[in-house]
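Below are two complexes that have chain A in common, paired first with chain B and then with chain C.
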Partner chain A sequence: MIEFKNISKKYGRDSGLDDVSFALDKGKIYGLIGPNGSGKSTTLKMIAGLVRPTKGTVLVRGKAVDRRIAKDVAYLSELDMFYQPFTVKDMIDFYASQFEDFRIDRVNELLAFMKLDPDKKLKQLSKGNRGRLKLVLALARETSVLLLDEPFSGLDPMVRDSIVKGLLSYIDFENQTVVIATHEIDEIEPLLDEVLAIKDGKVIDRQNVEELRETKGLSIIQWMKMTFKE
Partner chain B sequence: MKVFKGLFYKELKLTKNWFMVGIALLILGIIVGLGLTKYFNEPNIFAAITVMILVGHGLYLPAYLLTSLNIEGQTQLWLHNPNRGAVLFLAKLAAGFVLYAVSFFMALVVALWGLSHAVNAESLFSLTGGPALNITLIGLGITLGTIFLGVWVLFYWSLFHSLKKVPFLRSIRWPIVIGTWLLLTAIGNYVSNLPMYQKLKNIGVIKLNAYSIEFKAGKTSASAGFVDNAELSIMNGIIYTVIIFAVFYAAVWLLERKVEV
Partner chain C sequence: MVEEFQASKPIYMQIADKINQQIIRGELLPGNKLPSVREMAVKSGVNPNTIQRTYSELERMEIVETRRGQGTFVTENEGMLHQLKLRMQMDIIESFVKNMKELGLTEEDMVSGLKRYFIGKREI
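Now for the complex of A and B:
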């Protein structure tokens, strides 16, 4: 479904990603874990076609990625930025006009689920509700790839909980490939099939979460502490 | 069409306040013009100010596009969109043009009123060749000018943001953009002075002698706008159309391939 072939991304002398290769399968949920600046966001932006590799090829469903891969990829940004004069409904109407796979019936369900008022102006929303809205916009699309960049960043436990419940209810577990870049492992541990550890632009380890639990008796956090300590 | 409409209405909502500020400035200009006219007891001051406002609309679309693009440029998340870059830019141009048209029409009405009063005062402005024709041609010139400049803004904005992700160029983005502008201007000047270009320009020339604006003050007079012996070259128009399409697609190319989030 998603393939990174010898991907490097240079920002001058700094490396965003350094000769990274991996493949992600259909119908699985992946956690992308690593410290700040490790290359998690760059990886997601590259799958979304919003950042181009300096070297190598990124493929999504066998197609080389460019900006217009947004047709197949739903992307929730870590950035907390919306069009300020818009209401929640304006934002939904805009998304519905741009993405063919945007499901209005699902939006209505999601809005009720997340307790969001469609007539509320975005500038009047709390950070938590803006986080919820970002998730509504991403989950209302029927895409083969769903990318979530720090969906819990700066949000209180109540909001985190509603986001996890939203993910559980609305992810297509059979057909979607979901990649979540996050620091908050606790909330999403039960969701994940595999985890990839990224450090200094390199994928340093990759584990199947079930195997990790059953054969090594480790939770993701324990594995993460061990991996990044080494 | 649904895509374009969505982008178009997004633009209008996003820049509604900007438009209102523009209209407020227009009204302020009119009030200042009327105030000065009354203070100096000189009706032509108002006419001069309204003509300045009208001509100032040549910068309307570039200013609009800069405002709108700078909102997007804060995150560049507008690029998470499966539609063509040309459509993203065209929606901005179309929305900006609609707001320009409304503002320009208002300025035009005020300018015509101001000019008619100045003409009645038989001093500064007098229109030869018919005010309607003159104003139409001037309006067309300003409108084409603002579109031309607007498309260049798209290009320079895309160039500026293309350089953002290259660290050693990041700090010198402005000099690079200014240097590119100087280089392209120099090339433009060189080409326009070539004998071959002059020959091309002379194909399909329409004389505009009849349509001129004459400024008179006392015994001295001067012509401006479509001045005596002014010409409109169809070939020149074609050349500029080709240039503007090329610049637009260069901007789209940069947006699609070089601008990053």
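Now for the complex of A and C:
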């Protein structure tokens, strides 16, 4: 579904990603973990066609990624950028006007699930509710790839819980590939099939969550502490 | 809230254990339908592939059966359920005995210790 072939990205003289190769399958949920500045966001933005590699090719469904990949990829940004005077409803109409695959029929269900009031102005929303709205907008699209950049950061445990449950309720888990970049790994470990560890622009390890428990008796957190210490 | 899991054991096994306990306690009866994979995933905050594996494992143990197009059901084979109960008891006894042995206790120590424990409980 997603393939990185010898991808490098330079920001000026700094290296964002350094000769990275991996492939992600359809119908699986992946965690992307690593310290700040390790290359997690760059990786997601590349899949979304928002950042171009300096070297190498990114493929999504066998096609080389360019800006038009937005048709196949839903991307939840870590940034909190909303047009303040909009209401929740305006935001939804805007998304519906931009994406053909936006399922307007699914939105009301999602809003109710997340307990969001469509008539509220965006500037009146709490941080938690802005986090929920971002997920609603991402989940209302019918795409083969769903990318979530730090969907939990700065949110309280109740909101995190509703995000996990929202994800599980609405992703198409047979056909969609989901990639979540996060620090809050213990929160979502049971959600993941596999975890990729990124450090200094390189994928340094990759593990199947259940295999790691079966063969080594380790949770991802324990494994991560070992992996990143080296 | 999303459930917590121990690190040392695969998540699919921990969920299978939980379902087995529910069956033994009679919270799930023979012939009862289990939640769908999706419902169970949402309820426990766990990857649907993991839940699928739990159900396959329970099916392999002949504790549940999947009926095409209908869902997954607790077996009505009471013999199997009786065996499950014995097996789970045995697991708990084995780990108890192992822990006691590590303390250097003998079989007699364990038996008399257990007796004393239950008598003490009654007196309280």
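To be clear about the criterion, the second predicted complex is superposed on the first by the 230 of 230 C-alpha atoms of A that agree within 3 Å, B and C clash if a C-alpha of one lies under 4 Å from a C-alpha of the other, contacts with A are read in each partner's own complex, and residues count from 1 in each chain.
What we mean here is this: a contact is a pair of C-beta atoms (placed from the backbone, for glycine too) under 8 Å apart; a residue touches a chain by one contact, two chains touch by 3 or more.
Computed from a prediction, not measured in an experiment: that's the story for all the values here.
Participant: Quick one: on chain A, after the overlay, do chain B and chain C clash, or do they fit? Just give me the call.
Facilitator: Aligned on chain A, chain C fits beside chain B.
Participant: Could you tell me if A:Asp25 is touching chain B, chain C, both of them or neither one (first, second, both, neither)?
Facilitator: neither
Participant: Looking at A:Leu168, would you say it contacts chain B, chain C, both, or neither? Reply first, second, both or neither.
Facilitator: In the superposition, A:Leu168 contacts chain C only.
Participant: Which partner does A:Arg13 contact after superposing on A: first (chain B), second (chain C), both, neither?
Facilitator: So A:Arg13 only meets chain B here.
Participant: In the combined three-chain superposition, what is the angle centred on chain A between chain B and chain C, taking C-alpha centres, to the nearest 10 degrees?
Facilitator: Computed from the C-alpha centres, it is 160 degrees.
Participant: So, does A:Asp156 touch the first partner chain B, the second partner chain C, both, or neither?
Facilitator: Neither chain B nor chain C is touched by A:Asp156.
Participant: Taking the superposition as given, does A:Asp117 touch the first partner, chain B, the second, chain C, both, or neither?
Facilitator: The answer is neither, since A:Asp117 touches no partner chain.
Participant: Please indicate which partner A:Leu191 is in contact with in the superposed arrangement: first for chain B, second for chain C, both, or neither.
Facilitator: It touches chain C, and chain B stays clear.
Participant: Tell me which partner A:Gly217 touches in the superposition: chain B (first), chain C (second), both or neither.
Facilitator: A:Gly217 contacts chain C only, not chain B.
Participant: Looking at the overlay, what does A:Val209 touch: chain B (first), chain C (second), both, or neither?
Facilitator: A:Val209 contacts chain C only, not chain B.
Participant: Compute the least Cα distance separating chain B from chain C in the superposition and give it as a whole number of Å.
Facilitator: Between chain B and chain C, the shortest C-alpha distance works out to 28 Å.
Participant: Residues of chain B touching chain A in their complex?
Facilitator: My answer: residues 2-3, 5-7, 9-10, 13-14, 16-17, 71, 74-77, 79-85, 165-168, 256-257, 260-261.
Participant: In their shared complex, at which residues does chain A touch chain B?
Facilitator: 11-14, 45, 48, 50-52, 66-71, 75, 77, 79, 81, 83, 85-86, 90, 93-94, 96-100
Participant: Please give the residue numbers of chain A that touch chain C in the complex, ascending.
Facilitator: Per the stated touch rule, the residues are 27-29, 157, 161, 164-165, 168-169, 173, 187, 189-193, 209-210, 213-214, 217-219, 221-222.
Participant: Can you name the residues of chain C that touch chain A in the complex?
Facilitator: 1-3, 5, 7-12, 38, 41-42, 44-50, 53
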